[in-house]
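The block underneath contains the structure these notes are about, expressed in structure tokens.
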Amino acid sequence: MKKLRELAVDETFELFALIKTADVRTARNGKKFIAFTFQDTSGTIDGKYWDAGEDEISRFTAGKVVLLGGKRELYQNMPQVKILHLRLAKPGEPGEPSLYMERAPVKPADMAEEINQLLFDITNAKWQRIVRHLLSKYQKDFFSYPAAKTLHHAFAGGLAYHTVTMLHLARGICDEYPELNRSLLYAGIILHDLGKVVELSGPMSTEYTLAGNLLGHIVIADEEISKACTELKIDESDEEVLVLKHVILAHHGQLEYGSPVRPKIMEAEVLHIIDNLDASIQMMLGALKQVQPGEYTDRIFGMDNRNFYLPNL
Amino acid sequence: MKKLRELAVDETFELFALIKTADVRTARNGKKFIAFTFQDTSGTIDGKYWDAGEDEISRFTAGKVVLLGGKRELYQNMPQVKILHLRLAKPGEPGEPSLYMERAPVKPADMAEEINQLLFDITNAKWQRIVRHLLSKYQKDFFSYPAAKTLHHAFAGGLAYHTVTMLHLARGICDEYPELNRSLLYAGIILHDLGKVVELSGPMSTEYTLAGNLLGHIVIADEEISKACTELKIDESDEEVLVLKHVILAHHGQLEYGSPVRPKIMEAEVLHIIDNLDASIQMMLGALKQVQPGEYTDRIFGMDNRNFYLPNL
Amino acid sequence: MKKLRELAVDETFELFALIKTADVRTARNGKKFIAFTFQDTSGTIDGKYWDAGEDEISRFTAGKVVLLGGKRELYQNMPQVKILHLRLAKPGEPGEPSLYMERAPVKPADMAEEINQLLFDITNAKWQRIVRHLLSKYQKDFFSYPAAKTLHHAFAGGLAYHTVTMLHLARGICDEYPELNRSLLYAGIILHDLGKVVELSGPMSTEYTLAGNLLGHIVIADEEISKACTELKIDESDEEVLVLKHVILAHHGQLEYGSPVRPKIMEAEVLHIIDNLDASIQMMLGALKQVQPGEYTDRIFGMDNRNFYLPNL
Amino acid sequence: MKKLRELAVDETFELFALIKTADVRTARNGKKFIAFTFQDTSGTIDGKYWDAGEDEISRFTAGKVVLLGGKRELYQNMPQVKILHLRLAKPGEPGEPSLYMERAPVKPADMAEEINQLLFDITNAKWQRIVRHLLSKYQKDFFSYPAAKTLHHAFAGGLAYHTVTMLHLARGICDEYPELNRSLLYAGIILHDLGKVVELSGPMSTEYTLAGNLLGHIVIADEEISKACTELKIDESDEEVLVLKHVILAHHGQLEYGSPVRPKIMEAEVLHIIDNLDASIQMMLGALKQVQPGEYTDRIFGMDNRNFYLPNL
Amino acid sequence: MKKLRELAVDETFELFALIKTADVRTARNGKKFIAFTFQDTSGTIDGKYWDAGEDEISRFTAGKVVLLGGKRELYQNMPQVKILHLRLAKPGEPGEPSLYMERAPVKPADMAEEINQLLFDITNAKWQRIVRHLLSKYQKDFFSYPAAKTLHHAFAGGLAYHTVTMLHLARGICDEYPELNRSLLYAGIILHDLGKVVELSGPMSTEYTLAGNLLGHIVIADEEISKACTELKIDESDEEVLVLKHVILAHHGQLEYGSPVRPKIMEAEVLHIIDNLDASIQMMLGALKQVQPGEYTDRIFGMDNRNFYLPNL
Amino acid sequence: MKKLRELAVDETFELFALIKTADVRTARNGKKFIAFTFQDTSGTIDGKYWDAGEDEISRFTAGKVVLLGGKRELYQNMPQVKILHLRLAKPGEPGEPSLYMERAPVKPADMAEEINQLLFDITNAKWQRIVRHLLSKYQKDFFSYPAAKTLHHAFAGGLAYHTVTMLHLARGICDEYPELNRSLLYAGIILHDLGKVVELSGPMSTEYTLAGNLLGHIVIADEEISKACTELKIDESDEEVLVLKHVILAHHGQLEYGSPVRPKIMEAEVLHIIDNLDASIQMMLGALKQVQPGEYTDRIFGMDNRNFYLPNL
């Protein structure tokens, strides 16, 4: 069975997909229709369901898995689906929504195992205890949340995947520059985006929470370290704690990107560059996957709205 | 007895002053000299003490009160003192450093009394308890600290004075716009710069602390509210707490001025404008006090480096 | 009778409204239709009139009051009206356009009275004469014009209402800082936006005039002061006149917002902050009125395109 | 007799020069000295007069012509004069200050004659009358003022010289693009900087006047056109007048450079570019005159602080 | 026979036009349609061809000349064509695409002749040889290419026309400032945009080439001068060559506009200003041609998105 | 024998050092003195040589090695040397200037060997040939030049050392992201700063050459690839060549940092980030080496003028 983004133009198909969004609107003729976005692991595609009755409107809602029969078309140069028939998945059919969402390419358990190994390289006792405490507190969410709503790593498990990749990069960089404090860099990387488990609503239909909008994940992470210190009876005014907090607070690199302080410690600057490196590569890879050699990608919002070329090599 | 900034050029004088800074340097002839900045409530003035011996270097240090005899001169258009004689204040003489430092024009006790009265207007119970808790925790420092190292309200008691003035302004503004939440605005104003009692080292020889440099007073205040909630058994994820924290976090108005989030609540925006209004007026008043009608002030760093004109009216 | 923005989705209604705009377009089927924006004091709503004949096109034009029968719907999440029937208001029906336009919440006569009282606080004779002269010259327009085409105070009487509110704020601020020149601040506030009576076309269907586009209201107000001086035989090169003109010219605060000079006098800076304070609060209040507690407003163009949250308090 | 900037290092000399500035200061030994800047048509040079008595201080003031005997030295890589003797010019000696100031390379009478000729190309009667009126009103100052205090054309007659050069450039550009309104461009050029006769204090020791600081030459010129209309009984609200004013108001091209409106008429944009072209070339020529082929100039403040290279060609 | 942009609203017509673009899309009813842009020397207009069959889709493609019968309409205030009938131009009919494209108002041969004459004013032998070599190498393309894809001079012959106009302007400017090196300015102008013959795909359906996207016309021109030197056996490290290259590299004036170096030689700065002058005037003239006196143009992207007013004079 | 920056304040010493700069100036008493900067591998220090005779001035010039006897002092908080005696190094003494200059911590031969090994990973034949050709052409300079005049890697061998470090980082990053084209990244890194062998004057007293100032190392490297293609008979318009050139041209990442094009290929973006990472770490390490734990560094120009804190860990 083909997936949504593997279909050719004008191809007729039938496949299972997740309803990502379902907006009910009124057409010019006064009748209701549903504007769907369907999703599976290959990506998303839009389609309109005309003359929708009230029962259909209440049945086909976001988060449901459906059997979709249709034809793949182009509308203003964008792929869309002409819906020919539509029903909910039945018992015995693959109706678990998580089957249709993009996921990190590594399993949560494997990422957890790898982070556990790298924890041994955090030789500073206070940092180690704080990191273990917070990983344990948010264990489940940390390995299931995305790292963003729409930008890079916006998929289930993306938060942990982004973290693990950054740890790999940091390992190589610490090998090259022995002056870097490896413990600080590792601890900072593991905690830098942990506030997203409070800032975002979860892996599906991800939205910003009220706390996310009013405080932001940077401040949330800082508060979490404070609370961990209280519970672990670590003095918050210790220089080691201040330095760890600083590395988190400064990781966006510049005030205009939302860090309340700019990096004032070498490891804070390096963490920021590693974060930027992984985010940039993920955004470029995501866009380049959609094109053929010799083509240009769409403009990427998070990369200053630039587009990229995939060379014929 | 005249004060330092009341002397005429070429006037000979003797007066008590505080040594604000004392830098030991080596002259071209190889001998040591001390470059002093003297201070009293009229302002500061520089003077050099040539051929300083080791005992003098160890005796005349920052924070000491001295009897200074000298002559007021001009050096490259800047006032300076030619030191004729210098000795430490003796017992029985006015040797208390705080006598020579600029102070808020209102007494700490009066400011405390006024804030206490205004607390009754905070009708939200959680905000009231948090504010009372933190005022009580930092009672002494809150009424003695300056509001800045060098910019506006950089004098003992400046933090509380700035807070009280902002409350006055907020009272009038809430009267004009009944839609504003007076409780939130008052609570936010009282706490907005409270983190400075940790960010700065104190009322004399004010410097940034390590926590000040690495976290900043905005994040410090946010952490203090978190801790107050823990001690007062208030749930930190309550919307009332999120909203109060937001008002503090956003009070610099723009990310590039160090707020990790921009105002997303009306009262946060208004608090930011009131803060800016009082700071601007204080900086302008400070500079205009130094000039005569028909003259221009020096450029003011905190006002985009503009200078101002005092009209002949 | 309900008003336009008080209707529930799918509610059928009949009410009087003003045609704010009426654009004639051609549908895909080749027939003409009219795209209306209807307005009453509750706000505006769009609706399309299909298959419009030439007589209907000439009858239903902007500025007419109509009896509108229809059904309130949602189109792409925006409220719209499905027009069921439409006719012009008849004699005897409430057909005066001004009944349907947003108005300042205070009557022109009351605002005039209040300004008259405050004029007594302008103790400088020249400023007082200039202000009285110009208020008298533009009496009618000053109390009927909006303060803007689309941003804040974009309603009949908005110019005077904005002015009066700023005077209230200035009164409180002058009470707090006795060093401020109250006369200058009041005179400056009254004149600061007076050039808008030339810059804008009037209270209905407000557009920029050619003079508005080519000169702008700041320069227009400056010219008006010059002319007033000529008529009142006040020497324009007097420092008092220069200072008053400066306060007007500088009131946008920064060159990039259209002031040809930045504030160089304390009262000019304060006037700019008060102007910004009232404009910001009006824009936020306008947007917050449209939402329920717990919701976010639309993005507000004049507030750096930010949206705001209405807390559940 | 050599001039100030023609002297070789270590050369002893005697020549007449103008005292441009004379600051009295106190040396470390407690005695007064005068820090002079001397000027002649070759440029300026600094020199210190040690142990100055009160009579010398009152005799050697800015604006006096002196006979200076001295030795040309280098101090921290900057040329300076070691003063050997100094006296005021006597009757019969060349004691007219204007002999020592930089001047436009064309005589005022020749510039006036040329502008008079070009006036015939202004075929619009209103513009012609306004221009003639204002040229006549400020005849003397217009041909003797500099165009700036320190940037380009900062010399006696610089204002008219800059204007004439721009007219030459405009003539060629209008020949190339017949769509341009030659009358409007010529009238706009002649008036664009005329406000400087009020903004600046005069050709010697040029400073900004109070009107210059508080209003700026752009607004001053606009007011002058208004007044000319009143006197000439031209209706100020005529489109021709609005357009002429706009060309003046917009000539700095961007709001952040002090124009209250950006160019909205083609000729306004072209005038701005011509102004920028002449100013840039004058600044570059001035700096390049000081260096030899193969050398770089000092950084030029008005050219974004860039330096320029004089090629070996 | 009228042209496309000369038609009145609702006028029925038949005329020959070029298909500039032809996008095939699917309508809501599932049928294909072609969204055309037609072009002739008067400008362009859009039109939709409903229910397009496969043969029509393959026949009516970009670059074909057609006989178009239709009705001129307005759609959302933009002109469009309702297509009544459409067929390809037959043999014997005016089917040459170039007949329908905008062209420079001067013939290529005349421009070539004029440039040849001006070459005699390049008195530096190396510059003359390099310029002649490159003009000869790209002779055909230089006189047929546009100067841009969509901004100014985006028509056949626009590259040469822009160059010749700049030479005219430079001639007048060099006459005014004899210090300018006329040879360098002329040589620089002729070569400054020559890289566009590689950067762009050609005079029809102009697109950026891969080299254009990856290198840009500025670097391409620099490489061309290097190659010319190799072929002409001129030492590339000669100062004359460095200076010529610099003038080309710096002609966008600022780094953020794509010049790898800012102008460091007076002629480079002047060339940049002349380039900007001609481009600005062309963009304004193009927009002003579309409106009547008393109207405003559309916003012009290349002029900071400003619109312009055509005065009633 | 201690080195220059290892001396304690007031310590008397004698050691060999290189004269880095020697400026001759005139003191207030009319006598000449030499303002020296001395250098050895520990850093630099200033010192003044009073009453310098002509023979001393001609003997003690930049580039000479001297035996310096003196006393280490503080002048305005900056270390300086009081010169007690000074003579040129004699035959038999360590008089080779390169002994006193900072050097890369790895030997040129070792760096060359390592680059040679990594060349085998460039599997694209054209890139491999171009890289080998240019490395061979500039072999000597590539391994002896600094990477900058004053910013990061401003020491002999710095260019190659920066290159090798970037290759190490790239190796780890390519291991993490297999989608990256390792050949392109390695080839791009080796060539990205190679233009500096033309842009800079050499390892000692490094200055910008005329070609460096007028073209810049980015364009110079592009030209070198063009020339290599000519000599190697590789078609320059091949996509492989365009892509390699692009990676070089875009490596400053943004137009305002001097790249004529922004990265449009993933490897170009990654190269830019790696370049920035190594440069940033080198600048921070250089500054942190000068301070003790608990201290702040001086502000670093190349890091947005920030200072950094060395934690007490």
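A, B, C, D, E and F are the chain letters, set down in written order, and residue numbers restart from 1 in every chain.
One rule holds in what follows: a contact is a pair of C-beta atoms (placed from the backbone, for glycine too) under 8 Å apart; a residue touches a chain by one contact, two chains touch by 3 or more.
Everything numeric here is computed off the predicted structure, so don't read it as measured data.
Engineer: What are the mutual neighbours of chain A and chain C in this structure?
Structural biologist: B, E
Engineer: Which is the least count of steps on a path of touching chains running from chain C to chain E?
Structural biologist: The distance in steps between these two chains is 1.
Engineer: When contacts are scored as defined above, which chain pair ends up with more C-beta pairs, A-E or B-C?
Structural biologist: B-C
Engineer: Which chain has its C-alpha centre farthest away from the C-alpha centre of chain C?
Structural biologist: Between chain C and every other chain, the largest centroid distance is to F.
Engineer: Which option, E-F, C-E or B-C, should count as the same interface as A-C once over half of the contact pairs match?
Structural biologist: Same contacts by residue number as A-C, out of E-F, C-E or B-C: C-E.
Engineer: Same or different: do the copies chain B and chain F touch each other through matching residue numbers, with over half of them shared?
Structural biologist: different
Engineer: Find the chain most remote from chain D, comparing centres computed as mean CA coordinates.
Structural biologist: For chain D, the chain whose C-alpha mean is farthest off is A.
Engineer: Take the average of all CA coordinates in chain D, do the same for chain E, and state the distance between these two points in whole angstrom.
Structural biologist: One centre to the other, that is 41 Å.
Engineer: Would you mind pulling out the distance in Å between where the CA atoms of chain C average out and where those of chain F do?
Structural biologist: The separation of the two C-alpha centroids amounts to 61 Å.
Engineer: Where the centres are mean C-alpha positions, what is the separation of chain A from chain B, in Å?
Structural biologist: Here the centre of chain B sits 44 Å away from the centre of chain A.
Engineer: Could you tell me which residues belong to chain A and also touch two or more other chains?
Structural biologist: Correct list: 210, 213-214, 239, 243, 264-265, 309.
Engineer: Give every touching pair of chains, nothing left out.
Structural biologist: Pairs satisfying the touch definition: A-B, A-C, A-E, A-F, B-C, B-D, B-F, C-D, C-E, D-E, D-F, E-F.
Engineer: Which bits of chain D are touching chain E when the two form their complex?
Structural biologist: 124, 165, 168-169, 171-173, 175-177, 179-181, 184, 239-240, 243, 262-266, 269-270, 273, 276-277, 280-281, 284-285, 288, 303-304, 306-309, 311-313
Engineer: Which positions of chain E touch chain F when the two form their complex?
Structural biologist: Going through chain E, the ones touching chain F are 210-211, 213-216, 218-219, 222-223, 226-227, 230, 236-237, 239, 242-243, 245-246, 249, 255-261, 264-265.
Engineer: Under the stated contact criterion, what part of chain D meets chain B in this complex?
Structural biologist: 23, 25-26, 30, 210, 213-214
Engineer: Would you tell me which residues of chain D are touching chain F in their complex?
Structural biologist: For this pair, the touching residues of chain D are 73-77, 82, 309.
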